[in-house]
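As structure tokens, here come the structures.
Same chain, two partners: chain A is paired with chain B first, then with chain C.
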Partner chain A sequence: MISQLAVQGAQMLVVLLLAPLLIGFVRKVKARLVRRQGPSVIQPYRDLVRLMRKEVVLADNASWLFRVTPYLIFAATWVAAALVPTFATGLEFSWTADLIVIVALLGSARFFQALAGMDVGTSFGGIGASREVMIASLAEPAMLLIVFSLALVAGATQLSTVAAFMGSPEVGLRVSLGMSLIALVMVAIAENARIPVDNPATHLELTMVHEAMILEYSGRHLAMIELATFLKLLLYMSLIACVFLPWGLYGASAGPKALAVGAAAYLCKLAVLAIVLAVFETAVAKMRVFRVPDFLGAALMLALLGTLLLFVSRSL
Partner chain B sequence: MNSTVALLLCGPAAFLASAIMAAAASRLAAATRLVYGATLAISAVLLVTAASHLAGNLGEASATLPLGLPWTGARFRLDGLSAFFLVVVNFGGTITSLYGLGYGRHESQPHRVLPFYPAFLAGMNLVVLANDAFSFLLSWEFMSLASWALVMAHHRDEANRRAGYIYLVMASFGTMALLLAFGLLAGPAGTYAFDAMRTAHPDRFAAGAVLVLMLLGAGSKAGLVPLHAWLPLAHPAAPSHVSALMSGIMTKVAIYGFIRVVFDLLGEPAWWSGVAVLLIGGVTAVLGILHALMEKDLKRLLAYSTIENIGVIFASLGLALAFKANAMPSAAALAFTAALFHVLNHSFFKSLLFFGAGAVLSATGERDMEKLGGLIHRLPVTSFVFLIGCVSISALPPFNGFASEWLVFQAILRSPELPQWGLKVIVPAVGGMLALSAALAAACFVKTFGITFLGRARSAAVERAHEVDRWSLAAMAVLAAFCLLAGILPGFVIDSLSTVTLPLVGERMPVQMAQPWLSIVPIAESRSSYNGLLVLVFITVSASLAAFFIHRFASHALRRGIAWGCGFPDAVPAAQYTAVSFAQPIRRVFGGFAFRSRETVDMPAPGALEPARLKVEMHDVAWEVFYQPITGAIDFATERLNHLQFLTIRRYLTLVFLYLVILLLVLALWP
Partner chain C sequence: MPALADIIAADRQVEHHAPWPRAVVAPKAWNLAVEQLAAGRWSLLGLWGEPDKVHMALLDEAQTIGVISMDCRGGRYPSVGQHHSPALRLERAAADLFGLAPQGLPDSRRWLDHGQWGVSHPLAARPGGPAVASSYRFLTAEGEGLHQIPVGPVHAGIIEPGHFRFTAGGETVVRLEERLGYVHKGIEGLMQGASIDRAAKLAGRTSGDSTVAYSLAFARAVEAALGIAPPPRAIWLRALMAELERLANHLGDIGAICNDAAFAIMHAHCGVLRERVLRAADAAFGHRLMRDRILPGGTAGDLNEAGADAIRSLVAEIRRRFPHLVELYDNTASLQDRTVATGRLKGELARQYAAGGYVGRASGRDFDARRVPGYAPYDELAFDVPVLQEGDVNARVWIRVREVEQSLSLVEQILGRLPAGPTLVEVAALEGAREGMALVEGFRGDILVWLRIGEDGLIERCHLRDPSWFQWPLLEAAIEGNIVADFPLCNKSFNCSYSGHDL
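Here is the complex of A and B:
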């Protein structure tokens, strides 16, 4: 029991500490790909510390909701990220929430973020919030349909069970899983506001979605929101890793040696996914906002097709 | 006669007595307090009685009163299903009366509301208790007429008169469908008692016809697409607390009628009935929430969102029917429990939201969201509870809306075991529609809360607004607390529903309160589980940890400044995002097929001084395809028949004679 709790606690700390590093790594790889030196991989930590030390500049008419939201977003994202298996499955509290709950927790974070964007009453907040909910209104159903596909293959929505099943030899090659993987990657790109859906580095107001919503934030509030954004990227990468790259994933009670192997495997998977993301982002251009529905509509259709195939035959 | 049923029947009688008292005394100053106090007490007693019956699992009880038709009498019966719906109705009645104690004082014409309000509550109670077709239909009509009178409370407004007219037409249409359905169920022997209908099994054709008629009759009252068009007109026209009753509770009475006939009286369902109900439910959910997104009138938005929730409930009921038809009772119990849980949840958060809309209305005099904004500063308590309502209805954890939607999704995941191809294709599609409607609901309520309560004030009325009275705040706070409680203790609700599901689908969900840590496990823990309480604890703990850390280590400095506007300070509040502009991206994505929307931009030539104009054209397809031809036909027919009023006596005699001849011919030729 105690050791199980320790593993769960370790997982919560690991995701929190690793998330900025992951972002730093992605940024470094992107910089190297365009032959820039780029900032050090630990720059995101420095940014966070710097933000914490700065004063908060609050708009005159910002309400209590604006000040509470960063903590809510951070808490919801952190809880969701801590519930996705990273280096071990079957954690102590994994039965608290299944995959549907994790998706919904991210939905809660987004709900409050969009509200905070509208709190000050500037056009930037409004444009960001309204585009964010448009993207979410397509990405969320796609994500739920992906969950359906996974649940139908593995017979469970419990992420630990799904991961264990995906690691077992009875999975085989399935069309529906391929479709789910593609759809999941597309949704992950949209949810994390990466290129081609949104540009995390843009500061041209009319092209941004996520950045427009948080434009009014500063200081410690911004630090919380940034950290939540980092955590979200880590969450989606962990999710893809544990479902589609389930190698080296052991149960939480497997002993320290197995856990060490799991941790090493997890780091390798993250590095691979980060490099893939960086290469992809460097290679494609951002699309217009109103092309995004087509992009996500394709993800939605792929996920629906995958689910339909599984309804037709459990072996597809 | 059973004492519980007798007590429950005394309730409607007491309601009617207070209605008469209200009619007599409605011009007194104290009448408002008196009437709402009386209904509060009566509903509370009925609520406790019904809840203890449900929780105590006390089985069935019935009573016959020597009223109504001389050879049948009026039969009433209390079983698990009616006990559950009595809880829903009377919880709504109690909390609405509490709200009415404060809100009713703003009513300019109390004598148009007070007598009908208790009558409306009496009607809803009687529908749920009725045990024969005659008393069911009578109570149903009584309920409809009382609510119609409430819709017409402010009849000087042209729009309200139109809403009342359309409501009346649709209510009569619905009752006609119900009448035909009961006629088919009664069979040639004309047995109007539900007990006799339950044992008689109609043939396949009759059963199908009854299902269609129930979808028309109960569905039009509940607001199923395409019969929904009256609902967003009529529900908002009534005073806000009555809107809450109509949207939160009366639609549930309609669902009760559907469940009573289709799950109880009709016997074993056919599998395709599941397909029909699922499909209608899914389409209703998506179209309802899309309409809500396009709306800028706060109360009409809430009415449209009711349509969405009704769709979710019907989709879940359709799933239960499909499972029941295929002898999968445990899956049917899951889907059925999910539907009933959502019925309860929707009655909580929709009442809360309508109360909030009423509070906004009484504080500012505005229903149009584009004239509101920034109310979070003026109405702090109202905005907080309204926010809880918005989070709950958007199906976000750990609140109650999520718990029931989660159960619906779990039920969908049981459906690959269904054998029929029709169901195999429809169920994932409907699952996708429900997921889409949940995501759109979140978008819709971001808009609702964001435009109404956040941002800067868009009119002077907002700057003069003050927090509403304590009665209203208490009612909203209680509902908000229930939204949270039902979300973190869903196991308790699920276990209480076992007495309802067991007789109707032949199985119950596994006992949930015995699960460790109060989590809910619909099938098996390795398969899926959810613990709202722990999710709440985790979020609270991690948010407090973060806040503590920040407080301890980060800078405390805070400065107020003007918002960043790209170097254009002090833009007028009208330049903020509005309800319509917020929904524009979604309109561009979905508007083409859902509303046949078209945008035309009128751009003046360079150098010209006239303003550019953007015109958006949207159509309610159901209105144009179904309502307009029907009303057109009725108008045409009445226009023609009108001539019959002005004939001479000879012509009338000729007509009567011709009619007799035709009747005799028909009789002579009848096989």
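Here is the complex of A and C:
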């Protein structure tokens, strides 16, 4: 029991500590791809420490919601990220590690973020919130459809079970899973405000989505939101790794040696996904804001098609 | 239909105004010229004031250039802007600086003067007390669901200051209004009474990225006024510098436009090439941006063999690497999707505003000051002036791409035919006041310089007109109907100068 809790605690800490490193790594790879030196991979940690030390500047008309939101976002995202199996499945809290719970947690975080974006009443906050909600209104249904098709295949929405099933030989080669994977990647790009949906590195206020909502934040509030953003990227990468690359995942009770293998495999998967992300972001330009619905519409259709195919193949 | 030359010949022609004529005209002739402008037959090259006069540089259908001036009794003159909108901001600026009151000007708001100078009409015969600070009334747009987005003057990136007021319906821009003047440096005031050496330095600092073009325009105006012929080698070296400056800026712009569509790899590679140009310029002329290298009477310093070799290897490198970048631009569908059909500028507007440079040429206005009026040594060099009709961001990128290719060829031609000899002659003042002007093609478009040198050899009045004066208003038109998020892309494709415009 104690060791189970320890493993669960380790998982929560791992995601928290690893998330800035993942971002740092992605940025480093992107910088190298455009022949720049780039900041050190641990720069995001330094940024967070710097922000934590800085004073918080609040707009005069900021309400309590504006001050509370960063912690809500951080808490919801951290819990969601900690629920996704990383190096081991079947952890102490894995009964709560339900895909729908994760979607709901992220949805609530976004809800508060959009509210806080509009709270101060600046035009950029409003633009950012409206764009974010437009993106979310397509990304969330797509995500739910992906969850459904996974649930239909694996017979559960619980991630440990899904991962165990996906690792077993009975999964076979399924078209609908391929579609779900593509849809999930597209949703992940949109949800994490990456190119081509949003540009995380831009300084152009008018083109921002995620950044526009948090323009008014500073100090520890900004640190919380940034860390939540880092966690979200880690969450989606872990999710893709756990569902579609479930190799090297063992149960929590498998012993330290298996856990070590699981941890090594997890790190390798993250590195590969990070490199793929960086290469993809370097090779495409950002799309027009009104193209995003087309992009996410495609994700939605793929996920829907995946689900439909499952029904069709069942009845045959 | 009168020609510009007839109007000028019919009135009091000013002596010692070179190379094009200037005449002081009566209101009737002035209004006749305004009619020609309003009818779209002539183009406005510039409009500037003096404490008791107003001048207007014109280009007529026969590609003749001339200046007409009017004595302003009581500081009043008939407004050009009420019939020909490109003159609006120039008249507002002249009103701020000289207290001239254009009669019938539809927009009487201050332009350069933000009420921060501590004096009003600083260049008038008798400057007034501090202007009363009043809030600026932005133009309104009415309709359901419209909202305003104020952007700037301080921006998130490291760029110059300027305020943009968007009125948007959702994401679609209904109206954009610019407010400029934040980097007013008082260059025209500093020029008054400056020696020619000092004035040349000031001219070179009007807009940092066009320092060669400004120095060249100023030097040519001084030489025209004083009747000096610079040595042949200096003329060719100046063209070499001007083409290097054009290369550096166009390369930088192509990358920066792509970067605004989050396509960083293009930005990185173009940035490397731009840096190579700057280093070659440093090796050849001793300054990366070639500032203060062009002087009235010639050039400061000469090009040695090592410098020429640096430029030759630069041309070879760009020729090797640039085509791949163009291919990358052309073959990246996601990038093309952003630039094609975005920020379309109509050809009529480009012609009405006499927009120079890539802004005009991407919208079908075939004008290049190197060809018309033309100046040495370009009359002996072979080059094309690319013109496109589309007028969108993509067209403005392609004009730059083609001009990079032309500039490379020009640099090669110049290096191959560089005459030997001295590079500087002495500038000696002549008796009596002398006036001169020059029109020079910078990378943005044609820069106009008009000046009067007094009997003591000091500058009495010098006016520098940046090409951006006629491009900024067009940006407002080009963004209309586009989405807010596409503004940075359009803005970068125009890349107007704040500093050159604010003076």
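Observations, loosely collected:
Basically, the second predicted complex is superposed on the first by the 312 of 316 C-alpha atoms of A that agree within 3 Å, B and C clash if a C-alpha of one lies under 4 Å from a C-alpha of the other, contacts with A are read in each partner's own complex, and residues count from 1 in each chain.
Here is the rule we use: a contact is a pair of C-beta atoms (placed from the backbone, for glycine too) under 8 Å apart; a residue touches a chain by one contact, two chains touch by 3 or more.
All figures in this text were calculated on a predicted structure; none of them were measured in a lab.
In the superposition on chain A, A:Gly251 makes contact with neither chain B nor chain C.
When the shared chain is aligned, chain B and chain C each come close enough to touch A:Ile127. Applying the stated contact rule after C-alpha superposition, one finds that A:Leu72 touches chain B and leaves chain C untouched.
In the superposition on chain A, A:Leu152 contacts chain B only, with no contact to chain C.
In the superposition on chain A, contact is made by A:Glu216 with chain B only, not with chain C. Once the two complexes are overlaid on the shared chain, A:Gly38 sits clear of chain B and of chain C alike.
In the superposition on chain A, A:Val56 makes contact with chain B only, not with chain C. In the superposed pair of complexes, A:Ala136 makes contact with chain B only, with no contact to chain C.
By the touch criterion defined above, A:Phe290 lies against chain B and chain C together after alignment on the C-alpha atoms of chain A.
Contacts of chain A with chain B, set against its contacts with chain C after fitting on chain A, overlap at residues 123-124, 126-127, 205, 289-290. Residues of chain C touching chain A in their complex: 147-151, 155-157, 171, 258, 260-265, 267-269, 272, 332, 334-335, 337-338, 483-488.
Interface residues of chain A facing chain C in the complex, by the touch rule stated above, are 30, 33-36, 123-124, 126-127, 195-196, 199, 201-207, 282-291. Put simply, chain B touches chain A in their complex at residues 373-374, 376-377, 387, 391, 394-397, 402, 406, 409-410, 412-413, 415-416, 424-425, 427-429, 431-432, 435-436, 438-440, 442-443, 445-447, 449-451, 454-456, 519, 525-531, 534-535, 538-540, 542-543, 546-547, 550, 553-555, 557-566, 571, 573, 575-577, 581-586, 588-589. Taken in their complex, chain A has these residues touching chain B: 52-61, 63-65, 71-72, 74-76, 78-79, 93, 95-98, 100-101, 104-105, 107-108, 110-111, 114-115, 118-127, 129-131, 133-134, 136-141, 144-145, 148, 151-152, 155-158, 161, 205, 215-216, 219-220, 223-224, 289-290, 293, 300, 304, 307-308, 310-312, 314.
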